[in-house]
Amino acid sequence: MLRQSGTILSIRAPRQGLHEITSEVHEFVSQSGISKGLLTLFCRHTSASLVVQENAAPAARRDLEAFFAQLAPEGADYEHDDEGPDDMPAHLRSALTATQLSIPISDGRMLLGAWQGIFVFEHRRSTPAREVALHLVGE
Amino acid sequence: MLRQSGTILSIRAPRQGLHEITSEVHEFVSQSGISKGLLTLFCRHTSASLVVQENAAPAARRDLEAFFAQLAPEGADYEHDDEGPDDMPAHLRSALTATQLSIPISDGRMLLGAWQGIFVFEHRRSTPAREVALHLVGE
Amino acid sequence: MLRQSGTILSIRAPRQGLHEITSEVHEFVSQSGISKGLLTLFCRHTSASLVVQENAAPAARRDLEAFFAQLAPEGADYEHDDEGPDDMPAHLRSALTATQLSIPISDGRMLLGAWQGIFVFEHRRSTPAREVALHLVGE
């Protein structure tokens, strides 16, 4: 019989950029007792987002952060800058990446590939705690 | 006992750009009678897409529209232009944003953050009605 | 009564770029016997991704491939290049597109629009087999 479980993770990234949360998410899956199903992560912000990326190479993370910093730069001429120069680029980088991810669960584990980690992509310079809603349906 | 509900929303954006549909989606969730679960939106087009963005600041929407208009411009040299200069940029902007979103439901409400709204991002200049398929599983 | 089904597709794209998998995915849905529900695809890699795009116009695919080749080019100065010049751009193009897609199912068919196809977007020059995890919940 299918059932569901949910929680809200509170995440504080230590700085702007990618912050891995794979182990926190795995812990939620383990404690749910659901061994087969579908896990969904939803980022409750428009200035932080979710990315599945390489979990082994710090250089790849730095390149990814540099790429988005250049693609949606802080110095551009934005109309919306109420909260400072990192405000609007944060919205743009969020729109370019993911607000939500769903990952199948099998044998009690997320079906991530060997090199995949789940990251919160913090786009603001000051880093308040971020909420990521988790939902799991399965059996 | 889990159950599911579905519908297809017909959305007509008044112009190119972001068009908020949060209230239409909320109405579907309310009428379903499902208070805890997972809602999925799927955009049935390759020249319009879905974005979760800031729902309070019109300037942020204008900046976001301007950013994508510059990133995938209408004036570029595309091979595919059967339907006019806004045809191929529409596909590119769709690929850069989201075709689908899933949002957990709790206490009969989507777990959106305080400033998050759900938008159809209309990339074409002429705006036919767009179909967004909704699916809800829960109890 | 809701139930679920899952599998892992092994996909070998013949070359870098978009490779349509709509029929393989449809076959899984058909064989599941589930006629109403939610299908999820999850790409188990950080150098290949998923895109829903125009399935009729090869020129649109070429334009899309050329756009991402220019946006995250192979010739740029990346710190992470262990596996060659197509390594880091592959991660960037994956982050810009989708790792996961969910599509509602009705009457035994995915609710894709008339012109939508599901594609694996292969970002590497050498193309090992790729794994796409499929999960279906419904009845």
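Order as written gives the chain letters A, B and C; numbering starts at 1 within each chain.
Here, a contact is a pair of C-beta atoms (placed from the backbone, for glycine too) under 8 Å apart; a residue touches a chain by one contact, two chains touch by 3 or more.
Bear in mind that the values here come from a model prediction, so they are computed numbers and not experimental data.
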| item | value |
| --- | --- |
| Classification of the chain A:chain B interface as same or different, half of numbers criterion | different |
| Rotation in the CA alignment of chain A with chain C, degrees, nearest 5 | 120 |
| Geometric centre distance via CA averages, chain B-chain A, whole Å | 20 |
| Set of chain C residues in contact with two or more other chains | 1-2, 71, 96, 98, 102, 137 |
| Contact set on chain B toward chain A in their complex | 1-2, 36-38, 51-54, 57, 59-60, 62-64, 67-68, 71, 96-98, 101-104, 106, 111-113, 115-116, 137-139 |
| Touching residues (chain side chain C, partner chain A) in the complex | 1-4, 6, 8, 40, 42, 44-46, 71-72, 78-80, 82, 88, 91-92, 94-96, 98-100, 102, 131, 133-135, 137 |
